[in-house]
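Okay, so chain A shows up in both of these, paired with chain B first and chain C after.
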Partner chain A sequence: MFFALMRKEIIAHVLSLRFGVTFALFLLLVFASIYVTTNEYRRDQDEAFAVDRAADADLRKIFTEEEKVEDRFYAVFYHHGRREAVPPPPMSSLVQGLRPAMPAAVQITPGNSRYVGRSIEGNPLAGLLPIPDLVYVVGIVLSLLAILFAFDSICGEKEAGTLRLIMSNAVPRDSILLAKWAAGFLVLLVPFLIAVFGGVVYTWYVGALPTDADTLARLGTLLGFACLYISTFFTLSLAVSAVTHRSSTSLFLCLLIWVVWILVIPNLAPVVAKIIEPGYSPLKIAQEKEAVYREIHLRIQRLTLTTGKVSYGKGIEEEKEKLERERTRRLEQWDRFQSDSIDRQKRLAGIFGRLSPAACWTYAAVAVAGTGAESYQAFENASKQMSDDMRKTAESIRPPPQRDVRDFTLDELPRLKLTSVPFARAAEPAVNDLLILAILNVAFFMTAFVCFLRYDVR
Partner chain B sequence: MLEIKDLKKVYEDGTVGVDNLNLSVAAGEIVVLLGANGAGKTSTMMLILGFTEPSSGTVAIHGVDVQKNPLEAKKHVAYVSENVTLYGNFTANQNLKFFTRLSGRTDVTEDEYRAVFHRVGLAEKAYYRRVRGFSKGMRQRLGIAIAILKNAQLIVLDEPTSGLDPKGGYEFLEIIRQLKAEGKAILMSSHDIFRVQAIADRVGIMRRGQMLELIERQDMGARDLQQVYLDYMKEEAAGATSAEVG
Partner chain C sequence: MLGSLIKKEILEHLMSLRFAIACVLCLVVILCSVFVRARDFVQVLDDQRQETKMANQWLDDLREPWALGWSGRPIAVPRLANPMKVFVRGVRSDNGGAVNVSTRTRLEPSYRPVSSPAVVLFPPIDLVTFVGVILSLMALVFGYDAVCGEKERGTLRLMLSYSVPRRTVLLAKWIGGYVTLIVPFLLAAAVGIVVVMIQPDVSLDGGQWARLGAILGLATVYVAAVYSLAVYVSVLTRKAATSVMVLLSLWVVLVLVVPNLAPHASGVLHPIPTAGEMEKQREAARKEIDQRTRALTKAWDEQNGFGDKWWEGFPWGKWPEMERVYARWIFQTDMNSKARAETFEAWERIDAPRRRQLDQQVTLTRWIGRVSPFSCFAYASTELADAGVLYDRRLDDQLRAYQRDLTAYAWRECLFMEHKGLEARDKDYPDWRKVREAGIPRFAYVPPAAGDYLRVAAIDGGILAGMAVLFFFLATVTFLRYDVR
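Right, the complex of A and B next:
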């Protein structure tokens, strides 16, 4: 009986116009989004190779042109530095995440790193209307299609009068509900998986996605999350259709919830977090740090330039070092203050955002794909590490306080060690999102079940 | 086959749908419920089918209490509504097969499906046509075909001939007569006194949920059924007017 019901549901869906439209949309949107993001990825990858090649050529040129070791040292470490390309994360061909926010390259000198933008000739509208990647398509379009598939599952059959005819047979209500859920979800999922499969095969074919076990695990988990997310909206619509008695009412309620979940909560979450945890703006922090620089600089000047004469001596040097240590401590304090404030804002935004399954899906997808905040943090850590390594290398070539510079080669210069976050660690923050989506699914199905048991089929 | 005892249904808004109804329908018998809109005919049928719970009283089909064991009771009843609404995107054949499987019958052959389809007066060419394009009469016939294929002992029909043309109505009643001859118990509601008179073994006149009178077939000849019905309706109208004046 269950299979008869399920078969009927599948045939009814497949024969409907909305299935045809949905199938076409899935194929078009999912494949188009993967195609576009894959090409973006390939372009960034080519750009990264080009940046690396150009940077190496520049350094070699310095080595050729600057004959004196000391000049070469200053030119490499302080004037030029080392420019390193920031390659796109491997999974960003499917899930862009924070990749557009990451620089194309980073220019590193001892103790300092400067980010170089992706392209100054870029189309500004691209920032205004970002590329819809798989996360966007699943998050916005597929959630809406899931609603359109299920909003009239029960109330629509009541309106049509077929529910009465079904219920006049010895059919348990739970079988009807389960068949509706399973068949509807299956019909919704198959076109999605076909479209994703086609897109992934294309991405693999053009070499924009590694074929190792780590990528497969990420891809599998990502698709699992997508299914769970789509199921959340599908089950929600099923529950709403079991509560209401008119398709129009059900559609209105479902769309209302969709708007709140997709458009309102995720966009308001960072704003609310900023209201609760205002912190200082980066500009203000920069001003404060600048003030510290100026103050310590003045104090050092006062120390060494007393009564118009330059003062020397061990005591003065010690006092100067003390002031420099104070400057470092106070600058670090400001940095810590800023990073703590950002951390608190991030945590709060995460908590508020997770009131919406759309935010859960986005957080989980970028975490699993390795293109989220973790990967951005890993990049920042790597550039900081490289900057420190540059300082250490510079000190090893010209050890303080001596001023003699030893000869050095290009191979001694440190490189940017950009390592991707391992899958197990990357997926860790997604566990909470997985739980939230699973709980929502169970809660909506239970609501649908309880309401349908008491549903007035007359 | 059908036993209704002291059945009462009061809706949440206080409306009395069915008021102390006692009725039985035996195998091979046609009982017709006659009454104005809101008299309680459809409410009675909804209670028989277990779609609503009675406030008091019992309904038993083939000895099975509908309230205590609804799924078992539903195995013995087939339902044809006033407007048979099937799946429009499905062909007649698909609709027949789906509802037959749903009734628990998996042993029906293709020949049997076709035989029943033709028996209710539907042409072969309609067998693979989508139901969306069917007229009301065709859908009613398909509805009765589904009921026949279920092979239930009790068939409940809610105003099945309303909206049908005279020929269609006559043919529909012929099918019901045949079902009676096969030993099926039939309970139907109708507004059409003349057709009722032609087919019913007993006619129950309902008003405000109450069964006012149950007229046996042998008494129908002696009494003018239309006049009896109209007298009851006049009483109702008078009652309503005096209540308004009062």
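Right, the complex of A and C next:
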């Protein structure tokens, strides 16, 4: 009975206009999206190579132009530093995540990192709207198509009079609902999976996606999340269609929920978080830190005046060290204050955003793909590490107590060592999103089931 | 007759659920959007004031401006924070910020660290996104069953049994639906503008107010185009379910797909050299100039007795030997100054064809995108808000000119430094001070004339108006032959 019902539903869907439209849109959109993001990835890679090449050429130029080793040392370590491109994360060919907001390069001198913004050479109109990556297509377009597939599953059949006809046979209502859900979701999923498969094969073919086990695991999890997310909207529409009696009412309600979930809540969540936890702007923190620097610098300068001691010797060195320790402590306090405030803001934005499945999907997808907050943190850690390495290298070339600079080569300069977060750790934050989506699915299906049991089919 | 029909349509819409939803969405989303964006702008303005102060202070305190030439240390040129970005996000998501201008490297935008990933993943909605995405969806919901819905309910047959011209019925439907849709939006936009006005520090000048008015005008034309399309599809179909399916599919393609894919499609159809390829060409040009400069310097050294490691054992500080060194430094500085100017010229020559190609690509993007009314609205609005391609290009041109001025100034300072050393020894030495300018050049953005804004927005506005008229005309023609039974 169940399979007969499912077959009937599948045939009804496949023969409908909406299936034709959805199939065409799925194929077109998913493939176009993957094609575009793959090209973006290759362009990013190309730019990263160009930045590295230009930076190496700059350094080589210094080595050729600066005749004295001392001049070369100062030019390399204090004026120029080492510039390293920030390569795109491997999965950004499918999921952009925070990639567009990451710097193009980082310029490192001992103890200091300067981030370089992304090139402004491309087509400026590309920045007008978000890059249509897989997260965008699934999150916005496919969720709407899922609604279109199911908004009249029950109330539409009631309006057409076919529901009454089915119910006049000895068919349990739960079987009808389950058959509707399973058939509709299957018909929705098949074109999606075909399109994704085609897109991923293309990405692999052009070499924009690694073929290792880690990537496969990420890809599989990403697709699982996408299916669960699409199912959430599909089940929601089914529930709404079981609650309402007219397909137009069902459509309004579904579209309203879609607009609120997709366009309103996720965009308002960071704002609410910002209002609750305003924090300081990075510039203000930088100013405060600058003020600390200046104050301690002046106090060190005044040491000789206030103490009447000479500017060298044990006593004055101790005082200087004390002041430097105070500076380090106060600077760390400001850093801690800033990072705590940002963490609280992030947490609040995450909590409010997760009122919408779209935010759950986006957070989960970027976490699984390794293009989210973790990847940004990994980049920041790598640049800090490189800065420390630069300091150590500088000290090894010109040891502090001595003044002599030994000759050095380009190969001795440290490089940016970006490590990707392992899949198991990257997927950890996505567990909560998985649970939320699963709970929403179950809740909507239960609502649909309970309402359909009491549904007036006349 | 028309008045009565419009009244009937308006009343019908006012009593419907969709009107209540439209009102709530317009108010909530527009108010939240402008409130948040205005707050962000105040913070950006505050940051920018500090940045400008610091940048000016740095330039004022620059005791050794000649170092700009040798070290190539960049100057951060702040970009003006644009109050229009409270309403329109534009082609760049950030407001304000700075561009680093150096005498050695190309222009580089400064980078602002990501404070919260949520803001990057879900940027606050602006007026263009609200109108383009949400209001257009509401326009479809308002118009999808304008004709076929009445046919399904049987009221259309009843109405046309009276002596009412069909075109009057359709016109009344259009006006009634459009008014009930646009009035809540305009009211919400007006409240939003008041919210912006009461924010401290957010002030628009006369030109900006006029352009904001033009953006709102464009929004009404855009909604008219989408609403006309909805009415047309409703006339084309017999069932409301088919109409809504067709319209939502069209909406997905025209609002969510075409505008996002247009830049990428034009990139495929009209490819331009990548940044990497350009960098290679620039690097080759620079290398060639540097090698030539080095060869000339070496030849000069050989002619003037400066061998390898000449500095070892040189009587530093002893005159007249020092005069030889100064002469060498002056020659080197002069050569470097010329090499730098030549490098920038070479880069300009290399960049010029690509910039032309990029312009063609942007034009192609616009024409592909103009299939969608949303793209037309977004392109025109961003230009009117001074946050579009026109602004980007003008700023880039002006910054390039500034970079050339700054480089020339920095190397003149370098030359001055060397000559000063000689001047101190020789009273009859020519006074190099007179070649110095009053001070270090400062950058000030010159906005385009009002006519430029209108010119770029006129095409898109015209297309939108044309779409509105065309769809309504097609709806009227189809409705004249519509089977109301």
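Here is the rule we use: the second predicted complex is superposed on the first by the 441 of 458 C-alpha atoms of A that agree within 3 Å, B and C clash if a C-alpha of one lies under 4 Å from a C-alpha of the other, contacts with A are read in each partner's own complex, and residues count from 1 in each chain.
Basically, a residue touches a chain if its C-beta (ideal position, glycine included) is under 8 Å from a C-beta of that chain, and two chains touch if they have at least 3 such contacts.
Just so it is clear, the model here is predicted, and its values are computed rather than measured.
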{"item": "Which of chain B and chain C A:268 touches, first, second, both or neither", "value": "second"}
{"item": "Which superposed partner A:243 touches (first chain B, second chain C, both, neither)", "value": "neither"}
{"item": "Chain B versus chain C as contact partner of A:458, first or second or both or neither", "value": "first"}
{"item": "Partner chain in contact with A:200 - chain B first, chain C second, else both or neither", "value": "neither"}
{"item": "Sites on chain C touched by chain A in the complex", "value": "17-18, 21, 25, 28-29, 32, 36, 39, 43, 46-47, 50-51, 71-73, 90-93, 97, 107-125, 129, 133-134, 137, 141, 145, 149, 240-242, 244-246, 248-249, 252-253, 256-257, 259-264, 266-268, 274-280, 283, 286-287, 290, 294, 309, 311, 354, 358, 361-362, 365-366, 369, 378-379, 382, 388-389, 392, 396"}
{"item": "Residue ranges of chain B touching chain A (in the complex, touch as defined)", "value": "46, 49, 51-52, 71-72, 74-75, 77-79, 81, 83-87, 89-90, 94, 98-99, 101-104, 143, 146, 150"}
{"item": "In the complex with chain C, residue positions of chain A that touch it", "value": "17-18, 21, 25, 28-29, 32, 35-36, 39, 43, 46-47, 49-51, 53-54, 57, 61, 64-65, 67-68, 79, 97-98, 100-103, 115-132, 136, 140-141, 144-145, 148, 152, 156, 247-249, 251-252, 255-256, 259, 263-264, 266-271, 273-274, 279, 281-284, 287, 342, 345-346, 349-350, 353, 359, 362-363, 366, 372-373, 376"}
{"item": "Chain A to chain B touching residues, read off their complex", "value": "1, 4-5, 7-8, 11-12, 15-16, 160-162, 164-172, 456-458"}
